[in-house]
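Would you mind keeping the following structure in view while I ask a few things?
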């Protein structure tokens, strides 16, 4: 082990590697922060650059994009209520309220520390525990995946701000959006209304840009630069820094969220978004400050951001040990590994162990450098909130569109994002929260595919979900999550009556 | 004529119509060749029925709720205030026009129109805002060009 | 104040309208589209890959684009237009101008099978095949450690008394599903597919014992075979296939009249001028002769299929006949 670490470190510690990491992180953070551009797109765009590079710098460049992008998504989530990437969708819940209270700096700093913490946790888990974690998640089959997805959906109860039916309806709409297009099991086209492009389904990024970015632009469309109150006061930016006390009280949340993120990330087919939601829900239920969640609670930011970055290392666990990518990004990294002449799978640790250790140590370095770069730039981008809204609107829309376009090189996706944006704007006006919708979108395919495959495995018997230990566990967690919601609602009603 | 409405009632009615329509469309929109019990239509059918159920509950909630706003339907609905509330519709129309024009007139021209259109929409009179927004379009174009994404 | 704002809004609207009418006719496309065959290529050439980034065919085409830098004056860019079993990418290739600046990565089933299930607006005559890329032998594999099944006979015997669940990466309308259903049907075995998102997941489902057997192609499962968690027991390829872990016999040896040989190839629209097709073929000749490319194929374990255009077309035509037969059999 020590031997491996030393050779890996020696291979990794080159000028090229550090340049690659630096460029990757910087580009990743910027791309991640721009709504419409995600780490996936960044990696696809940079893939051709890596063809002629050495394996370690090449992979570190891409991993820098991956980690930087996952962290960068939180910046716009906090500042303008628009998550830059799907992983940061849950960060808007508490991050944006903090900005509204004039504390963007505090939220951004917390997001950076939490991302660093989660990322490092995950990188170390990859370095030291990859085989055992892989062994653990390999026990999971379609029934377990289905139950995890159900557990994920049960979170709707705690994030739907009061009206649970509206939250539920939102979740169903989200799943419906995810199911449009080609069915991944039978290949049947569903709800494509004769539109060829819909046969490919609605890409997640298009939904995200429509639901959040465009709808946010629309919902401020009645903004008037001359009468805007915040403009007159020159939006007092609170320079209140994140205190050591606050970091200390979030430490427990960050550790648990990182653990959740690491495990969820190691399960193929999931990703940072789901991990962030589960951690948020968990933190909300156990925190001393649970009533402040959703109103700008720093602990909420720490939970989501540590969880989503904790998937960055662990999604590589099934990739390097089994050859199965942990999420969309790592599916692209799989191709990158192959172009470097390495086939991800069980033999990778044997055949390319020195390169692999170099890459894994590089991932640790990436997270440390991310903290440093973030420290330098956080005070800078906190000022984004000072940009007059009308100008911001005109600038952001361009990037939303280019991002959506570049994901499939198709103008149809742009139209689709606009339509979803208008629809989401209408829903907001009707008092919907869009967060349950994005949760449904993220989980929709997972729920359906694994339900159907479980039914095949059990010859159409639902008992398969309760006879396997882990699926039963996740179902129990889902039941607990919903049960706690109703218990709390009943208690609140009682206390209201008494007062 | 006077009607009492609240958001739950509107939502309930709206989604009841949409989900019933979707339910009717299932056979024509999902043509599956599968013979098994659980097919490509199973989950969407359950899902849409769930949506119908939620809409009905919401409608009932809305009707039972006491929090309602009274609307008077008459010629007076077209007041200046009400029309101003429709302002976002102009924004939406600009975006849709943009998305439709994009394949025909190309990225640079259409984005310049849109960015400056948004600034006009907000009634900005600072000329340098227009300059920044226009420069941004050009920057975005070349940044993507550099990453070998050719925008239309 | 309000009047001015209204004016501004009106202006925004009229500007947009001006854009609609004034610039409607102009196209912003570069001049390269109109240029003739003589100065081809004078702009980047795109390969449309109808499948996602990171798949076998995608990786090989990216390798081609990398090696081609030495032989082709312009960059070759791989774009992934995914969805609807690959038909979206195919139809995008049809929509592109027939100027030779768009190649498409395709395979047999996109002509022989998918059009039976998804409405498409192309057929074989719309494309000129340029070159074969790789040949793929579809394998059936079991997990000897979990199920104890080591040979195809073991699987058949098990199937006589049990319903088999197997992992594939395509459902009805996909090649793996159709040929495997036809095989199980002609063996008289009841089997149901568990459709996984990718081949890697199919392999993993077998390795972890979630299903009885699975379908997949070399070299994806090799490292598991080395671990002993995967055993390739038979192949759909019409002949015996040699692998680093011994030979795998064709299911024809068990009297099953089903065969399938997968392949990937490069094509352009058939109305691309012959001169340009020749230039592209010359570029591919150079790439296929370069040891950087052949060495990569060897190292990855992809069998290179250096078939010329006509041979590829003939191959697809043959496959169309047999697919018709299988689809009829399983209905």
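Chains: A, B and C, in written order; residue numbering restarts at 1 for each.
As a convention for this text, a residue touches a chain if its C-beta (ideal position, glycine included) is under 8 Å from a C-beta of that chain, and two chains touch if they have at least 3 such contacts.
Quick caveat: nothing in here was measured; it's all calculated off a predicted structure.
Participant: What chain lies farthest away from subunit A once each centre is taken as the mean of the Cα atoms?
Facilitator: Ranked by distance of C-alpha centres from subunit A, the top chain is C.
Participant: Pick out whichever of the two, A-B or B-C, is joined by more C-beta pairs in contact.
Facilitator: Answer by contact count: A-B.
Participant: If you average the CA atoms of subunit A and of subunit C, how many Å lie between those two points?
Facilitator: Going by mean C-alpha positions, subunit A sits 30 Å from subunit C.
Participant: Return the distance between the CA-based centres of subunit B and subunit C, expressed in whole Å.
Facilitator: So the centroids are 36 Å from each other.
Participant: Let me have the rounded angstrom distance from the C-alpha centre of subunit A over to the C-alpha centre of subunit B, please.
Facilitator: Averaging C-alpha atoms per chain gives centres 24 Å apart.
Participant: What positions in subunit C touch 2 or more of the other chains?
Facilitator: Expected reply: 77, 117, 171-173, 192.
Participant: Which residues does subunit B have that touch at least 2 chains other than itself?
Facilitator: Where subunit B meets two or more other chains at a single residue, that happens at 32-34, 36, 90, 98, 107, 116, 118, 121, 123, 148, 152.
Participant: For subunit A, jot down the residues that touch at least 2 other chains.
Facilitator: 48, 183, 185-186, 188-189, 226, 409, 452, 456 - these are the residues of subunit A that touch more than one other chain.
Participant: For a test of understanding, state which residues of subunit A touch subunit B in their complex under the given definition.
Facilitator: 45-46, 48, 163, 165-166, 168-169, 172-173, 175-176, 179, 183, 185-186, 188-193, 214, 217-219, 221-226, 388-391, 393-395, 397-399, 401-402, 405-406, 409, 411, 414-415, 417-419, 421-422, 425, 430-432, 447-448, 451-452, 455-456, 460
Participant: Can you check the complex and tell me which residues of subunit B touch subunit C?
Facilitator: Those residues of subunit B that touch subunit C are 32-34, 36, 90, 94, 97-98, 101, 104-110, 113, 116-118, 120-121, 123, 148, 150, 152.
Participant: Touching subunit A in the complex: which residues of subunit C?
Facilitator: Interface residues on the subunit C side: 1, 52-55, 58-59, 62-63, 65-66, 77-85, 87-88, 91-92, 117-118, 163, 165, 170-174, 192-198, 200-201, 203-205, 207-208, 210-211, 219-220, 222-224, 226-227, 229, 296, 299-301.
Participant: Would you pull the subunit A residues touching subunit C in the complex into a rising list?
Facilitator: 44, 47-48, 51-52, 138-139, 141-142, 181-189, 196-197, 199-201, 226, 268-269, 318, 322-325, 331-336, 338-339, 341, 343, 345-348, 408-410, 449, 452-453, 456-457, 459
Participant: Using the touch definition up top, name the residues of subunit C that touch subunit B in the complex.
Facilitator: 4-5, 8-9, 11-13, 15-16, 19-20, 23-24, 26-30, 44, 75, 77, 117, 171-173, 192
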